[in-house]
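The data blocks that follow each hold one structure.
One chain, subunit A, appears in both complexes that follow, with subunit B as partner in the first and subunit C in the second.
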Partner chain A sequence: MDLFLNAIVSGLLLGGFYAAVSLGLSISFGQLDIVNIAHPAFVITGSYVTYMVNRALGLDPVLIGLVFSPLFFVVGAAVYYVYYVSFEKTGQEALSGLVFFFGLMFIIEISLIMVYGVDYRLVAAPYIGVTWRLGAVDLPLRMFVPFVTALIMTLAIHLFLARTFAGRAVLAVAQDRLALRLMGADPVKVKQLAFGLSIATAAVAGSLLIIIGPVEPSVDRLYIGRVFAIVVLGGMGSIGGTLVAALILGVAETFVATFYGPSWAPAVSFGILLVTLAVRPQGIFGRY
Partner chain B sequence: MRSLVFWSVSALIFALGLVATKLLANEFFFFAGYAILQATIMAVAWNILGGFTGYVNFGSAGFFAVGVYTSVALNKAFDPPLIVMLLAAALIGGLIGLATGYLTLRLRGVYFAIATLAMAIVLETVANNWAYVGGATGAYILTPKTVLFFDDYIEFLFALMLLLSLGAVAIARQLQLSRIGQGLSAIRDDEIAAECMGVPTLRLKLVSTTIMGALMALAGVPYPFFVTYVDPLSAFDLTIAVNAIAMPMIGGTALWFGPVVGALLLGSVQQIVTVTVSSAVNVLIVGVLLVIFIVVAPQGIVGLIRDQWRKRRAHG
Partner chain C sequence: MTRTFQSKSLPATRRQVLRTAAAGGAMAATSPFWLNLARAADAPIKIGFSMALTGGLAGAGKPALIAMQIWRDDINAKGGLLGRQVELVHYDDQTQPANVPKIYTKLLNVDGVDLVVSGYGTNLIAPAMPIIMRKGMVFMSLFGLAANDEFKYDRYFQIMPAGPEPKIDWSRGFIELAKGKELETIALVGADAEFAKNAVAGARTNAQNAGFKIVYDESYPPSTTDYSPIVRAIQATNPDIVYVGSYPPDSAGMVRAANELDLQTKMFGGGMVGLQYASLMTSLGPMLNGIVNYDFWVPEPTLNFPGIQEFLAKYQARAKGQGVDPLGYYLPPFAYAYVQVLGDAITAVGSLDQQALGDYIHKTTFNTVIGPVQFGANGEWAKSRTLMVQYQNITSNDLEQFKHAGKRIVLYPKEWVSGKFKFPYTEAKKA
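And now, the complex of A and B:
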């Protein structure tokens, strides 16, 4: 029973963190229809930035992620511009755009390997290693801090999209690009903003990733399956759906890891993804 | 007439390959040649779906590993002749291709792309947990010293790979020239229009996914004998998947010989860079070239040359 309860709690904590990693993809893939396979690679880049600054200055990892998110925003906006000029403008995003991001992921990963090698890197923070005990339930802070940060970030993104003018423009571009243009707004500018935002979340998610555990450059491959499973299961672009789907995946993975062994955990997300695609491609919260 | 030329050239290339095994003494050429030919099969197979229909397969390494592990498992179970392993791998690879396609090809193309990635990781997890074929620690394979009339086993593997790649190229060419090929390019240009015109799009896509899966699995069968030690990390190497995409994209996807051009060029460059610089740089080069070509020249080398040729003919 204790094992069961602990599995649920650590699954939920893990799921919250997964939501942070998936948020960006939920915006780019779900809202903008840009299949950014390289999203986990940007997250890993965030982890390495956090690692470098943390080692040099000893700042708090989450703070580093937040400080660097504007820089990631600019990088994201630039990547979208290249993507737009090369593929969207000419209507080639289906095949070439996909391969473009695949190549980008590969370049990021290999560059990180060449600079940092394949050793695992980790950060230092006072709360890493501390565990609160609430009755029978363990609450390790290195999971709890990312969980809380992820929830705040999810809420912030949700409020931005639902309440602000720019956020509503992003939702509008997802629904009807032509109508947005008729209203006098530039869909390219709006998408650039939204894609920049999606990469900005990767900076924070990366800092959370390296708090949870040590990171090496090819970790991003495991996250490709997770983030796409979450975004598809969550109903493509629904922020609330992304959170729920992330929690479901976190709990499912933890259960499989606890009761069958951790080496089976990577297959869970892909299994969920394949089943979702086969049975209910619109996801649990899909509108269509 | 053109078919006659094609088959004669193929036969000539195979004959030259056999002669080379007798004349060349340096084994390095056969190791390098094997690697390039393996990449050629993967590129040609990828292009049958990716280039002809426009559906991207990111899980090439998964199909390749199906061949690798079929070969390891059968070799361990009752050491059958190579031809049995080839047939078994083609069958299993084809079935996995068919199943993945059946589950996702009715959806938008991007779902198929992600599902192939998913399929590769699920298979890798299975291989990691399958103790019989070595699990995560890997398995050693014993190779016979000599076989048939070859002096060395690597020469035999080279000749086998040459035969397999010529076969793969012939299949891709036949597909493109046949009615199926016309249907496939109709799918690439406008799938909905093709469906409306009565092209059986789903069936054609399934045919090409099956052939692609079978060919990629075939490419993996000799691999355990080539490296003599197999673990999931090497069998599911992402480089295999990236090469399978990069080579057709750089060579040109629209025509059957585009991936061959890309594989021979890029494969040779990779062999040289791996020897002279390092394998990490080599992989980085592939990634950078892929992105550059995709952005600047999406029609690939063959497409560029064809455009030039057409322009010149229009002016002259």
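And now, the complex of A and C:
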């Protein structure tokens, strides 16, 4: 029973972190239809920024992620503008856009190698290594802090999209770009805002990643498949769906790793994705 | 007149003869044969290799390259090999095995290298083997675990001191230490990747031979993020020994999870790559206490070989600001040594004849910065020097402490022992 409870709790904690990494992609890929394969590379960049500032000033990693998210927002908005002018405007985004983000991913990776080298990087925080014990349940703060941060970030993004004018404009551009234009709004600026927001989440997700474990410039490749799977499973563009899908994958992976052997974990996760898509092709919370 | 003419014609004839001789000499000197010969005598000796400078193994590949460059500079400062300077010709294999055959084909057929050595790691050594074997080249190899088991190539020489049976010898020391402690059960866990699989397979054989009951035997995907479920599953089987075969991110994850969940076992460690790196040692700090893990060189007095301190001083100076391991104890001395062996063999043989070099390396004991090196019939070390060290007395995350003796105590093999085994793990980790 203890093992069962711990598997559930560990799975939820892991799922929370997966949600943080996938959230930005849910906006860019799910809502804007931009196949930003470089999203995990932006997350790793967030990890390196966190590492640099944590080492220099000793600030809390999550705080660093939050402080740098506006800068990431600006970078994201700039990247979208280049993407728009080069590909989307001319209707070449399908294949050329994908190549653009592939290229961007490699440029980010090589730039990180040139600046930081190839050694593994970690951060220091007083809660890393500390475990709360609630009865039979272990709560390692190294996983719990990213989980709580991810929940808050998901809620904030959800509220922004649901309650603010700009957020509703983002949802509108995802549904009908032409209708938005007829309402007098500029879809390009709205998409620029949304893409900037998606990259801003990468700053925070990166800070969470380096709390959990060591990073090196090519770690992003490990997350590409998983984050796309979560976005599709949750239902393209659904923020709540992304969180639920991430939690499902986290619990499934942990459950399988605990009771049936960790080597089966990815197979079960992607099995869940396949079964869900067979039964509900639009994903768990997908609308169409 | 005649005399005058004759006297005038004579110098003309002499000039003509001289001109002809000069022209003939120039033609002879500039003919392709002589040019090539002259060039070959002066041209540097080119040593070609692939190296992981980006991708997952770049953390090891870049320090290895620095070590090889130090050797090149050392040897060139002494006049080179056979009177020729040494040049390293290398390409980044990006930690992609598929790139390796292309690189070695180019090195041998386009760049015209005189010698080849391997890149870092089993996965990037094995793909080069068919090409090297076809050319009959001597192949010095850097940290390949049992990479020659299938090829059985007689000019393959591997510098990692894993011993004649690499899979088995890798964990032999760990199991030997456990044998004397009246333990019964063992859990085996490793990454689902080439090296870790081999390491765990060897540990499985050793454990079975020693009569331990295997209560957990699982692998995990390299993309695993959280290791807590694995540690919990292991703990549920209540093993006396936990043997882990892992890569750096997994090693950090396993150590952290073991500490966070207070893993109760009597021996923990084994084949965890990365715990030797300064970045992980300083990050994990006291969490490392009590772990018994493989290593190849540590700054203990029993391993203070001639030349090692000078090499490390050069390495540490060059490593600054390059984003590589600042201490360089794990791989760089061996990366220096594998080209050092090749250089010593060339000097002794007096040529680049691959057959003669291979024969010489087989029959010779080399004195290197990592101590005496002798290769067996299969190209692995004739006798294993895979150390088992225990992390002890680590009280902080400071880098400086790891530069001195007393933090990684050698427990095995007995000729290199430098301190006492603290047992069991649950007590030793409190130190």
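In this text, the second predicted complex is superposed on the first by the 263 of 288 C-alpha atoms of A that agree within 3 Å, B and C clash if a C-alpha of one lies under 4 Å from a C-alpha of the other, contacts with A are read in each partner's own complex, and residues count from 1 in each chain.
Here, contacts are C-beta pairs under 8 Å (C-beta built on N, C-alpha and C of every residue); 3 or more make two chains touch, one makes a residue touch a chain.
Fair warning: this is a prediction, and the values are worked out from it, not measured in the lab.
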| item | value |
| --- | --- |
| First, second, both or neither for A:S263, with subunit B first and subunit C second | both |
| First (subunit B), second (subunit C), both or neither touched by A:I110 | both |
| Which superposed partner A:D119 touches (first subunit B, second subunit C, both, neither) | second |
| Touched partner set for A:Y81, first subunit B, second subunit C, both or neither | neither |
| First, second, both or neither for A:F160, with subunit B first and subunit C second | neither |
| Touching partner for A:L273 - first (subunit B), second (subunit C), both, neither | first |
| Partner chain in contact with A:Y127 - subunit B first, subunit C second, else both or neither | neither |
| Touching both subunit B and subunit C, residues of subunit A | 110, 113, 218, 222, 261, 263, 266 |
| Residue ranges of subunit B in contact with subunit A within the complex | 50, 54, 56, 58, 103-104, 107, 109-111, 113-115, 117-119, 121-122, 124-126, 128-129, 136, 238, 242, 245-246, 249, 280-281, 283-284, 286-288, 290-291, 294-295, 298 |
| Footprint of subunit A on subunit C - complex, ascending | 53-56, 58-59, 61-62, 95, 192, 218-226, 228-230, 232-233, 236, 248-249, 252-253, 256-257, 259-262, 274, 277-280, 283, 287, 322-325, 397 |
| Residue ranges of subunit A touching subunit B (in the complex, touch as defined) | 35, 37, 82, 86, 92, 94-96, 98-100, 102-104, 106-107, 110-111, 113-114, 218, 221-222, 224-225, 228-229, 232, 261, 263-264, 266-267, 269-271, 273-274, 277-278, 281 |
| Subunit A - residues contacting subunit C, complex | 3, 6-7, 10-11, 13-14, 17-18, 109-110, 113, 115-122, 124, 128-131, 138, 140, 142-143, 212-214, 216-219, 222-223, 226, 253-255, 257-259, 261-263, 265-266 |
